[in-house]
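Working notes, beginning with the structure itself.
As written, the chains take the letters A, B, C and D, and residue 1 is the first residue of each chain.
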Amino acid sequence: MKPIIAVNYKAYYPYSFGEHALKIARSAVKVHDEYDVNVILAPPYIELYRVLKEVEGSGVEVYGQHADPIKPGAATGFIPLEGLKEVGAGGVIINHSEHRLKLADINWLIKHAKELGIKTLVCADVPETGAAIAVLKPDIVAVEPPELIGTGIPVSKAKPEVITKSVELIRRVNKEVVILTGAGISKGDDVYKAIELGTLGVLVASAIVKAPDPLSVMKDMAEKAVEAAEKLGI
Amino acid sequence: MKPIIAVNYKAYYPYSFGEHALKIARSAVKVHDEYDVNVILAPPYIELYRVLKEVEGSGVEVYGQHADPIKPGAATGFIPLEGLKEVGAGGVIINHSEHRLKLADINWLIKHAKELGIKTLVCADVPETGAAIAVLKPDIVAVEPPELIGTGIPVSKAKPEVITKSVELIRRVNKEVVILTGAGISKGDDVYKAIELGTLGVLVASAIVKAPDPLSVMKDMAEKAVEAAEKLGI
Amino acid sequence: MKPIIAVNYKAYYPYSFGEHALKIARSAVKVHDEYDVNVILAPPYIELYRVLKEVEGSGVEVYGQHADPIKPGAATGFIPLEGLKEVGAGGVIINHSEHRLKLADINWLIKHAKELGIKTLVCADVPETGAAIAVLKPDIVAVEPPELIGTGIPVSKAKPEVITKSVELIRRVNKEVVILTGAGISKGDDVYKAIELGTLGVLVASAIVKAPDPLSVMKDMAEKAVEAAEKLGI
Amino acid sequence: MKPIIAVNYKAYYPYSFGEHALKIARSAVKVHDEYDVNVILAPPYIELYRVLKEVEGSGVEVYGQHADPIKPGAATGFIPLEGLKEVGAGGVIINHSEHRLKLADINWLIKHAKELGIKTLVCADVPETGAAIAVLKPDIVAVEPPELIGTGIPVSKAKPEVITKSVELIRRVNKEVVILTGAGISKGDDVYKAIELGTLGVLVASAIVKAPDPLSVMKDMAEKAVEAAEKLGI
């Protein structure tokens, strides 16, 4: 399996929108071409179309940043999973700590996404909720302690036990789900550490999105990811 | 002042997305060219970019369907007003009955949109809340009794007193705000009636969005809108 | 009209619960007996019954701290207005800044409370929302800038213009509604100032609820309230 | 282990309030005295105190109907777990289908309740979410398909496979948690079946709360519960 670098654009201004959003997308294509990694991009909904066009045919995956548990229809201001699929998104982040969902809705979304052939990357705040989510069989679980998000203090260094405990609890209930490390990831070394602790990669936001040169940050992360994967024989 | 036909795409599938979303946009351009009306389109966020490109330079306005009271930054899955502006939206619907907001947030959004130069179309369920909203000075108030939304039973026929009372209560507190009629509007006659009852036009959804031929529905509405406006000397 | 001292118990621990909750109630009875003021107590739901028993027959009014827009029935964990009435509450606070409501729900609650004969005290964050609420005709509007709540910095001193502007905007749309000043009120002088600025009294929380001797704080407030009311001929 | 009959009063009017609330409490005491079952009562917050007084010393347990993930303090209209403990509640229902919670909040509440010595009864809509909750180690999981709640069609008859699958999935991840059956339970036979399918009892609402004679319904349920428990050697 290839290591994963998942980029959550969030809603930084102007970084997550317009030309910079596309610059990140072009960087992702280059990194994906050059390194043996999978890259996932989650731009804001209003940039989803342009980012999808930018990476078309490259192998870079594009996810929605969030989904609400609604069906297509009279649902003003909401985006149903069917809409995401229609524009070409391959997956969706759900339950990010900035946009948490009710448990029943997480379950419904995972099931419904599976029916539509859309992948789910579900966020958890602590190892226990990571395991609870893993019971629901999403494609990916990302464990992100909210207190480290956006701090630049990588969870893999500040709280490595959160990662190892997450891996342990999640594996007890689900052997297949992909596990990612999130929160505070800012450079290649953090990615290396995340993989060394037993996860398949990282969920990153500001370190890439707000970087003047997203490409160099992504390259650094991809390089270390490949290095870790080779060392550990993943 | 020109009558207004505002089209809320909602999240109908497949109508609100992909090719049909663009077909509606092209129809809007034609109607805007042909009739003396203003047309507002509110596509789903993920179609905002394409619809904007489709109507570029035509005079048709494009609004977001909803806004949450957030500032740009770490706000996964949310779209700040700054993002809407960046992609080129001229306005935003807020407080639709399918996506209601807290009073304090409606106020914050109206103020913040004004600072950014984005127009606000705020929905109300009954005349009293229409007046409460009018106190907050949005650009447009649309009164839509939720029990008629999507029924095809036009509020202008089923409950004309809702419209006249709305106009009365709103005008007591705000002389300038534009008032629209919503809920159940399905054909030109409903638009005529809405204008006759004292509003400047309509907020429509399924009657246009789910129509096999959106152009003919929009033409019928625009024609009657112009007729009513002329008769009433608006 | 008598000045009003409204006490929001909030959910301080242990102050808002158990014996201290009853001590505040007994203090309120004494203050009500001794001074020409109205006293409103809003204890937590789980102390509503005991506080009601404690003040029975005294003239002190007891309000619920919040209401959700639900009807009696299958609504686990919610308290309908009918339930509040059944236990004997005379009113309810709605839309407190710590428990905001959607605009349509505020309107529904005000109307429904009126039908049941329950008074409504509705909170606003800024003068504009205070006026929007006043349009909906509650019994009382309390304007409380959230940034001053719990600070001990009285809005009447820090931002007197918030109070005067609130009174001005509210009176434009509603001549009868009672207006209260909230946020940071901590002693008699703040109450005096609140009345001098044109409101009928205050909404207080921690200054009374967390006081070792709530009676002396309430007496100080009541004394100054009466003084201000006499001076202004209210 | 004794079978459990847990009664969710919900917010029926007038049944869940006033004299009828106490009648249910007195019935519970009688049933608890007469049969070898545990009885849990979850009255509305505003009746918690009186119900607690009514069952004092009887062995009947009293739970809150809901908890929000808040800490004591400035939290108008919310009840922190500390408040529930202060008035004497022994536990709390969380995540009922009529009052669902975010996953991270369910986890926080279970942990925090454990620290305070309060028991948690957590509701799930389907077997999968029941298992996800079981990972978080509450005291009790109640599986209640929302589509059957309040119908009088017992899940144990209409969808016995929901119960057996719940037991299977929950036991894979948690050997100790108590499992209850909910939704549509209306008489003794439903309780018997619920126990036969592998759970320790039931979560009931309208069948008891709205009954003219709650005592006879509870007796019927308790009798069958004891019968099932004896037959199965629980």
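In this text, a contact is a pair of C-beta atoms (placed from the backbone, for glycine too) under 8 Å apart; a residue touches a chain by one contact, two chains touch by 3 or more.
Please read these numbers as outputs of a predicted model, since none were measured by experiment.
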| item | value |
| --- | --- |
| A-B or A-D - the one linked by more C-beta pairs in contact | A-B |
| Gap in Å, rounded to a whole number, between the CA centres of subunit B and subunit A | 35 |
| Per-residue overlap in subunit D, given as positions that touch at least 2 other chains | 97 |
| Arrangement of touching chains [line / ring / star / complete / other] | ring |
| Sites on subunit B touched by subunit C in the complex | 95, 97, 100-107, 124-126, 128-129, 131-133, 135-136, 169, 172-173 |
| Footprint of subunit B on subunit A - complex, ascending | 8, 10-14, 16-18, 44-50, 64-66, 70, 72-80, 82-84, 86-87, 93, 96-99, 149-150, 205-206 |
